[in-house]
Amino acid sequence: MDFTFTPEEEAFRKEVAAFLEKEVPQEYREKRLTFFDMSAQHDWIQVHRAMAEKLGAKGWLSRHWPREYGGQDASPFYRLILREELSRYHSPGYDSIGAGIVAPALLLKGSEEQKKQHLPGIASGKVIWCETLSEPGHGSDLASIEVFAREDADCFTINGQKIWTTNGHFADWNALVVRTDREVTPKYRGLTFFLVDMKTPGITVNPVINIAGHHEFNEVFFDDVRVPKENIVGGLNKGFYVVMSLLDYERTSDTAYAVAGTYLEDLAEYARDNNLLNPIMVNRLAQLRADCEVARLLHYRVTWMQSRGTVPNYESAMSKMYGFELLQRVSEFGMELLGQYSQLTGESARVPMYGRIPSCYLRSFGHSLEQGTSEIDRDVIAQRGLGLPRLR
Amino acid sequence: MDFTFTPEEEAFRKEVAAFLEKEVPQEYREKRLTFFDMSAQHDWIQVHRAMAEKLGAKGWLSRHWPREYGGQDASPFYRLILREELSRYHSPGYDSIGAGIVAPALLLKGSEEQKKQHLPGIASGKVIWCETLSEPGHGSDLASIEVFAREDADCFTINGQKIWTTNGHFADWNALVVRTDREVTPKYRGLTFFLVDMKTPGITVNPVINIAGHHEFNEVFFDDVRVPKENIVGGLNKGFYVVMSLLDYERTSDTAYAVAGTYLEDLAEYARDNNLLNPIMVNRLAQLRADCEVARLLHYRVTWMQSRGTVPNYESAMSKMYGFELLQRVSEFGMELLGQYSQLTGESARVPMYGRIPSCYLRSFGHSLEQGTSEIDRDVIAQRGLGLPRLR
Amino acid sequence: MDFALNEQQEMMQTLARDFLTGEYTDKVLRAMAGDEKGYTPELWKKLAEMNLLGLSIPEDYGGIGDFLDLIVVLEEMGRACFISPFFSTVVLGASSIIETGSDEQKQKFLPGISEGKTIITLALAEELAKYTPDAIQTKATQQGGDFVISGVKLFVTDAHVSDYLICAAMTGEAENPRERISLFIVDINTPGVSCKSLKTISGDKQAEVTFDNVKVSGDNVLGEIDKGWPYAQKILQKANVARCAEMVGLAQQALNITRDYAKERIAFGHPIGAFQSVQHRCADMLIDIDGSRFATYQAAWRINKGLPAAREVAIAKAWVSQACRRVMNSAHQVHGAIGFTEDHILHYYTKKARASEFSFGGVDYHLEQLSTHS
Amino acid sequence: MDFALNEQQEMMQTLARDFLTGEYTDKVLRAMAGDEKGYTPELWKKLAEMNLLGLSIPEDYGGIGDFLDLIVVLEEMGRACFISPFFSTVVLGASSIIETGSDEQKQKFLPGISEGKTIITLALAEELAKYTPDAIQTKATQQGGDFVISGVKLFVTDAHVSDYLICAAMTGEAENPRERISLFIVDINTPGVSCKSLKTISGDKQAEVTFDNVKVSGDNVLGEIDKGWPYAQKILQKANVARCAEMVGLAQQALNITRDYAKERIAFGHPIGAFQSVQHRCADMLIDIDGSRFATYQAAWRINKGLPAAREVAIAKAWVSQACRRVMNSAHQVHGAIGFTEDHILHYYTKKARASEFSFGGVDYHLEQLSTHS
């Protein structure tokens, strides 16, 4: 048992911190932006790309990859430390889709050619990814995917509409699941996973603005979009299994716990400086601090499992869900703390904390929906973690 | 709209209060017993019976019944006022099964002979009832009732085991549902509702002690118990419908909201007198007081519907569930307030409040199970109150 | 005990619901939330024509109905997520004058309100955004028969479109802050009054109003000098219950669209409303709404009857605020991603609910009030 | 970062689990909960034979393993709902002597503890049941080389079977209560010591211990005079983490029997564990247990390493207490009526969990501690 980082890990943390101290734009640190609201900054895409390239140049985005693909065989705790420090320094630059999800999925399920083609771009921070699973008629229910890819000589031709594509408006590549067999039952056996260059003709991206006014999501329309067969990952009609491992990584790559912790301490500081800490608020703050600590431990457990080569199962659903629900509670605490001032937007006179309180609060409605809803996470924990039976 | 009682109702409340002021045993008031823990008193059965007869003699148990069955056609708010005052004065004497459930069910579904035979006994407080639905293998699921009554000339002969029979150890009569047809589908169409004299040969009652150490429940064994056919209520194989209306009354007859309110104010007084009210406890106490007020209003709405001749539907499930869950929260508040002292039983030195804190707390585990679990109540509210569909 | 609306209340309910359903479409709501003024003169005229602006104003001054009628209509306005200076003018402005005004003042202002000619609001809170007398630091100094007001008021709703402000200021030196507050009615065009808009997430129009040596005549004092706080408390009671009524309407509509969505939306082969987790969420929403409605109407009914209502108002505001918050959270959770977009109507309800909640004191403030009244 | 038990810890876990599963049957548990002493000499002897009573005691004094090993065993004892003076003797008594005792004192008491000859407990709390130095009003007055102790101690666990008590008393006059407390080890048979049993719902054996001019020699002082509170804090840290470990075990076992029941029990044609409301409850139970375990082990690991642990202990006790409470509530709800009976084993777990929770400070106390350490 050991609840500390190794001296090497601690040194890495210091190195990252020293780097971010210099490199993160002053405005991001001053406004104390989080991963979930920095995309509302007008210059975010440029800053994000620039920081990504800097992190890539340091080798930090791929440090935990195998050496043969440009990594250093480092423990996944290096990725965790990097993300914690990015959160603490309010820094963009981590492509949570490319580096967080696509890269590990490719390492596991990609062909040698695909790894060679795509991993260097992710490692360098120069190629940004999006992923596209959902469709307008059905969110969490993969089996009902309808967007169809028709086989067409050495290509597949995709037609249809997808939605909720985070970063689709500037991503370079897209990890996509579509239907390639409409007849097969069970229906999930007719899905295929493609890697699609977003510059391919026929792709149209429309913004979907969230209730906090941020542009993160997009609708993506496919109009006779031709994708070469070699861009299939995991085999024709085997996309479901790729998605499953992708979702596993999605659940383990979140930083909600770290964002919650950083945000809570920002709130605590503001509250202290502005005399908002009556005994009731002190009590609630302490409770949330305890929750943050537990969230951290639940996440470390998952990373520790990965560090031993174990594939997390229900543990990642638990850590992800607890972290995101906690971030909602912390956001709500911010509202309560600020009272009527919580209503003021960033553009308003008299606004405290640059309007981050309502921004984080409104954004937080998405947290129990991201990467599968909290309901699905609880189903997973009950069924995989405890072996409870499915209904029927 | 009107949120007050009529002057007549207020006068009735005063009359009841004045009566209880004199008649409730000092020990019950001093210990501030509630409906849910007074049964632990060594003399409860006698005191309960004696008080019931006194209330009966006043005509209060039947005041809201039709005149032809000994009532005064009074509004059901008279019953509500009676029960609120009984709660406030820590008084036993209300047979929540006989007066609360069986009487209204008989008024609705009983034959003229059955009404004539049984209502006077209930009105007088001299005949105490129990009810018996559950069996060891299945609680909330009526359709799976197995205890069987075999037709046998002018009688039915019952064999089998029932459980969770409240007051079965001293009740005079039993309202019972058993199976009379094993072949029919759906299975709930094979149930029949009987009125059974507890002195009938072949009935054995064994205590089931709850986790608070109270004897409320019993197992009841039926060994060739012969019940005359005229004791069937609502017709052969139509017991399910009688149970449904019985459950409706059960849900509307609870006093959880009143017990919660009384108990909370007892706790508040103790806390004030013993300097336990720090700002955090003051905040929580206020929250519970607000909850009590809402519980009261939800219950009044149900009684108001009854007073207009409307049959409450999801509204009674809501009022019952909210009241019982509130009583659990109030019981938990008592534990937090008393801290380590909450561990001491009534027999211990140094015990505060006669040991009622842990007694109420342990008893409260039953509250979200009584009269159908909270889960079933929420199903009912969603399906009947909002028209949400059943699964499949 | 009677939980039903009477005939007049039902009529007002139908009137308001039909009007709002017809006129206040989602499109109008979207426009008004983004609009700087937050209402159109045409709409205001229609409200006046239906005499909705005269609600709770005595008939002698051109009004109609009582406070309960007003509450019924406010619930409907909540259902429609209605944005306008109605709350400011009818609940805050008119109530203040009804509670405190001399006959002359009533004659001067109330008919104008009910005819739709006068928009008026309340300037109470200051930098601390607290609704207690000690938080009022704006001063009004007597100079002969006049008063000179100086100070800064915050969270003044609809100040930007108001003709008049009712301003609470310190006039006395009493140590007890309850004994030194007076209320003034101030023409917004009086020299020295300036407004700065505060931008909110909800489309609620809030402002900072600065009083810089604003001279008003003694005729502008509402009620007795130094005795304004008890009046303010009554106005705050009405304001808080009115906010509760809005929240009840907001929550009810959020549940309605959630229920409809849960019945239609299919996932994993079933309408999502058939899943127990969705059913139990919806059940809890209904409990929250029913409980909120009764708590609100009980408090409103007591105010309307002239009975002491401090305890019931505190209960209502504390409970309804939390209930409404839970309802909105659940509405979003059931809707999933679609409800998380600006294109969907739900977020207007969510945002307006928070604005109502924090207006005139949040949950802990009202729980504290409840403690002192129990 | 390493969340796994090491070989020694796994061995201790297996040893304790096998022993308790074999020896501490439900029947024994029921007997011990009702028993006045709460243990049998035979069982105690077996614990000594397995050297479990020497856990965390240095090998020089006949012990074995470290504090983390003790924590692992305590989790197993929680799973078994084990009632005995183990906690008092090994966690409270031995820890106190390990933390504060001179070599002579350690020689005198520790081998006896690990051999099962000595039962010993801590007498800290008084009437306020608070675990702060100002709550200690018992006085020890120096008389030559001796001290005379007078006062009343409450919630002294297992005092009725103890050979010795460690008693915290005021010795100095310092205004800062942290600088006036000393610890004494007192033979229970010293004239003036009397015990009165306090009856608890859980079968936890608690007592009120009165010190009426109890004369002890200066050799009985543990650590330095007037400097006992910092020691007491360390002992309290260990005690609280140890209670957390018990709660983790209690909650884990409650989940295990709930999961098994949910798989077997049929209602409405399905195992109840297939219903989403039951699944989500069970999922939350698992989150609570996993979170509790890690919070507990992190704090224990820090104590074991000699690192500052005040923050982690406060987090663990506050969080685990609430988590365990939620787990027990859910266990009962899933079990339905059957779990509400005395015949079922579940209530022993529920009751013992509450006893552990309130022991050495409840949730709000530890949240307050956390506030001062953040």
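Each chain carries a letter (A, B, C and D) given by its place in the written order, and its residues are counted from 1.
As a working rule, a residue touches a chain if its C-beta (ideal position, glycine included) is under 8 Å from a C-beta of that chain, and two chains touch if they have at least 3 such contacts.
The structure displayed is predicted, hence computed values, not measured ones.
Taking each chain's centre as the mean of its Cα atoms, which chain lies farthest from subunit A?
B
Once you count every C-beta pair in contact for both, which comes out on top, A-C or B-C?
Greater number of contacting C-beta pairs: B-C.
Taking the mean of the C-alpha atoms as each chain's centre, how many Å separate subunit C from subunit D?
About 54 Å separates the centre of subunit C from that of subunit D.
Please report how many Å separate the Cα centroid of subunit A from that of subunit D, as a whole number.
42
Quick check: what residues of subunit C touch more than one other chain, meaning two or more?
Correct list: 275-278, 280, 364.
Which residues belonging to subunit B are in contact with no fewer than two other chains?
As it turns out, subunit B has residues touching two or more other chains at 280, 283, 375, 378, 391.
Write out the stretch or stretches of subunit A touching subunit C in their complex.
134, 138-141, 143-144, 163-164, 208-211, 213, 217, 280, 332, 335-336, 339-345, 347-351, 358, 362, 365-366, 368-369, 373-375, 378
Using the touch definition up top, name the residues of subunit B that touch subunit C in the complex.
Its residues touching subunit C are 1-5, 77, 268, 282-283, 285-287, 289-291, 293-294, 297-298, 300-301, 303-304, 307, 314-315, 318, 321-322, 375, 377-379, 381-383, 385-392.
Any idea which subunit D residues touch subunit B in the complex?
125, 129, 154-155, 196-202, 204, 206, 208, 266-268, 275, 277-278, 325, 329, 332-333, 336-337, 339-344, 346-347, 350-351, 354-355, 358-359, 362-364
Inside the complex, what are the residues of subunit C that reach subunit B?
Residue positions touching the partner: 1-6, 9, 68, 255, 259, 262-263, 270-271, 273-276, 278-280, 282-284, 286-287, 290-291, 294-295, 297-298, 301-302, 312, 314-315, 318-319, 364, 367-368, 370-371, 374.
If we count contacts the way the header does, which residues on subunit B are in touch with subunit A in the complex?
Checking each residue of subunit B against subunit A gives 278-280, 283, 391.
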